[in-house]
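For reference, the structure is listed below as structure tokens.
A, B and C label the chains in the order they appear, each numbered from 1.
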């Protein structure tokens, strides 16, 4: 390492290093370090760094009904996602790390930065840092492998986004037969500054949100990639997640969310969907929960050829208390130039907002090129 | 790719990968992937990633006349540009990508993120994403190969900066004999949020700014690198660009800009310059345009030796309506340690602001080290 | 380099490039370029780029006494440091560069971006750009090799952080026997915008802060890495730094800071500490300085085995004028899985704030995993 390097380096008594670089499902640098420790034992250490990016450039058009006319509400080019990521393993293939920074829309921010250690690979692993809370299936699903241009509108209502915390799991993103995850998170993505509990007169030592998820996966399914790009026989996954935000309990304001979801693929056809609900505390006890919003979506797509996939989705969000119902129906067409790494997606449809007195409709069209290198 | 990698990867049935890394006008990782598809056909895919940066550290001094005295208006070290970029090609050398993030002055933001596909290399290419709008020659010119410490003051008046959009061209940055670009952009770099057209009662489906540029290039000129670093016989380029911002038409506020420019190099000598004008709509019709500002600059430099280049520039901006005239005259000296990649530039001069009642003068000195790796 | 590359490239008449990549105390790409100049002379140019990161994920608990009770003031997961860095050398091993960006807590910013040239390696070197001002020993010390979870609270009072400037030195971070640094900096990290001196009626051409540091290093000590990870005989370092901020002189507000510090290591034991003071101008002359705050800390640690190191620190800050005294006492335990590159640190203790009328106590617990790749 350089003399004026900001990083601190490991010193080894006797080490030999070999390396290689290239492209293998991602640009990489990999190296080995053969060490001899003080007792003469040899060990080989493994290091890998991958550099990747994702660019999603979108044209986004939104037209709203206003009275009897249609009004242009939005017409723009949008750098929907401008990502840079660095991932790999360090010392051992079982100790992995991932960093992802977003430069979307000109506001850089950290999305992922975590380490993952496989105590028993695929059986018992631990993760620490910041990453997307694995509550909704559609949020675990990479933004680079969505069935339509973007996620369902239910995601912005029920999703958890990126949060700092820790969890244990059995490599849930790889869809093992009985998949599970359990974790604790800050539960306050937007405010990581000092949280003061003025009204608390007893020390309370832990106020996190807790998240649990299980799924049953049948067949060799990739449960977190929509679309049946590679084809194959019938495969499916059934999942369920729950989370409770204890953090707001102090004002009798705890919140609970739950979801059940599925994905099914067969011979180029795929369908997936989910039902979600959220409750708010409505009394002094944590169990006095009041249902205030439910959501669901269902979507399906089919590969007409290796490259062409039409798809459609229906979503709805029902605000129980406010008597407001939002529907979205979208149809789309995807063209895969190089799998999910280089593809062009277009979708169009309507968003309808129903209230007791009024019904508003807006029409949208989005077309987006994705490059994931 | 790693199991907990944020990016989604391509799966190939049967692929062999080879790779290499090093320095060749930039640090790079390159790889090939030899694929056999289902029909037994072999294809070779090409991948390349380059990592680069640019650091421009400047000492900046500004002294203003105030009454009869000279006052120090500014004395500072400035991290003028702190860039990190990732560029390369993906699947084919004809499909290129580029990302550039700026960390200048502590405010990170995305500058470039685009893809470029050469349908016919050098003849017909398409570009999509965010990059510097190719309106002014001096803006297409990289900030790493300027003749003086920074661009002319006309650039801040007439330049378009970085914007999201799409365009077609014949590899304009490489100065083909008849160079052309045509594109559409958001035209609203500073506000990518919802644009509401409250006063519109008809749906209007496209409100972009459109930009066109042509140039004639004689000899093997690099039209977007000032200075004749390599020497050679007489070469020159003549260019013209126009743009109209339809986006503001709704309030009878469309704007139009035009420029003509040149660059000439011969035997170590170089000169370049441009004239620009901008009009504002001044009536109900799009054609009711009112000239409100003009600008011009001319600059020249000469290599006394391989490393030493004195240079000078005169710029003026004339605000027609406001009766204000701004001049800038600068002289400078450049020392090239390793071409444009490692050089030290110094310039000094005066800025004069003339109004009917007053003439203000300020003196500036800037000295800057550039590293582009 | 790519045609649509944002960076400008060096052209060489006749150059051959060879390269290598891997892991050697950091992921790297290195290359050589054998050039033949116009006179037929051969030169070999050396290039190296290293990519690294640092992730520190912390659980942070703070409990404050309020009246007779203890109150939870803070309980959170914290992405304490989320860094990405690019370092290396360019053209020659003597010309090094370093960039470090922080994505901590979701607010990306530039920390380091500088170049360093060794005119005489280890004897006379120059540095230009932005980096951590080498005033406090504990700030020169990388955040990846601290003895406890974070720096002493004296650092937030007396530290200078990252600033733009230039300096000369004899490779001070490598602890040569007689180590020295002298530099000038902006002195205004938080405000790099126009500084106007309204009350000055004479032009004044330079208003920087100046910093000097010297140290005597005995034995083969790494003076800027706490802890005696590798063991060895007695080694120590004694240092002293001073700085004056002339920038505020215009309002008779110049400030001066000074520190003396030490570090000693022997056979797995290490101790370090510092005394600091700061004065403010208290009259019209620059020499009318008034002491207003002093600070000190002392810390020690011992390796019980190759991996396990208990440690402790006492810090105090004494605000002379305000009659306020802050103490902090911490005990900690460090587990080194792979040197400083992968380690787990925990510390706990009390912060006591004494004023003439009151004594407030808070208790803290922090546990943090560090990965530096």
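Everything that follows uses one rule, which is that contacts are C-beta pairs under 8 Å (C-beta built on N, C-alpha and C of every residue); 3 or more make two chains touch, one makes a residue touch a chain.
Keep in mind that this is a model prediction, so the values were computed, not measured.
Rounded to a multiple of 5, the Cα-based rotation taking chain A onto chain B is 120 degrees.
Under half of the residue numbers at the interface between copies chain B and chain C are found on both sides, making the touching surfaces mostly different. Chain B and chain C have Cα centroids lying 35 Å from one another.
Among all residues of chain C, those that touch two or more other chains are 20-21, 29, 51, 88, 108, 114. By the touch rule above, chain C contacts chain A in their complex via residues 20-29, 48, 50-55, 57, 61, 63, 69-79, 82-85, 87-89, 96, 98, 100, 103-106, 108, 111-112, 114, 116, 127, 142, 144-145, 171, 173-174, 225, 229-230, 337-342, 369, 371-373. Residues 1-11, 17-21, 29-33, 47, 49, 51, 86, 88, 90-91, 95, 97, 99, 101, 108-110, 113-115, 128-130, 164-166, 185-186, 188, 192, 194-197, 200-208 of chain B are the ones touching chain A in the complex.
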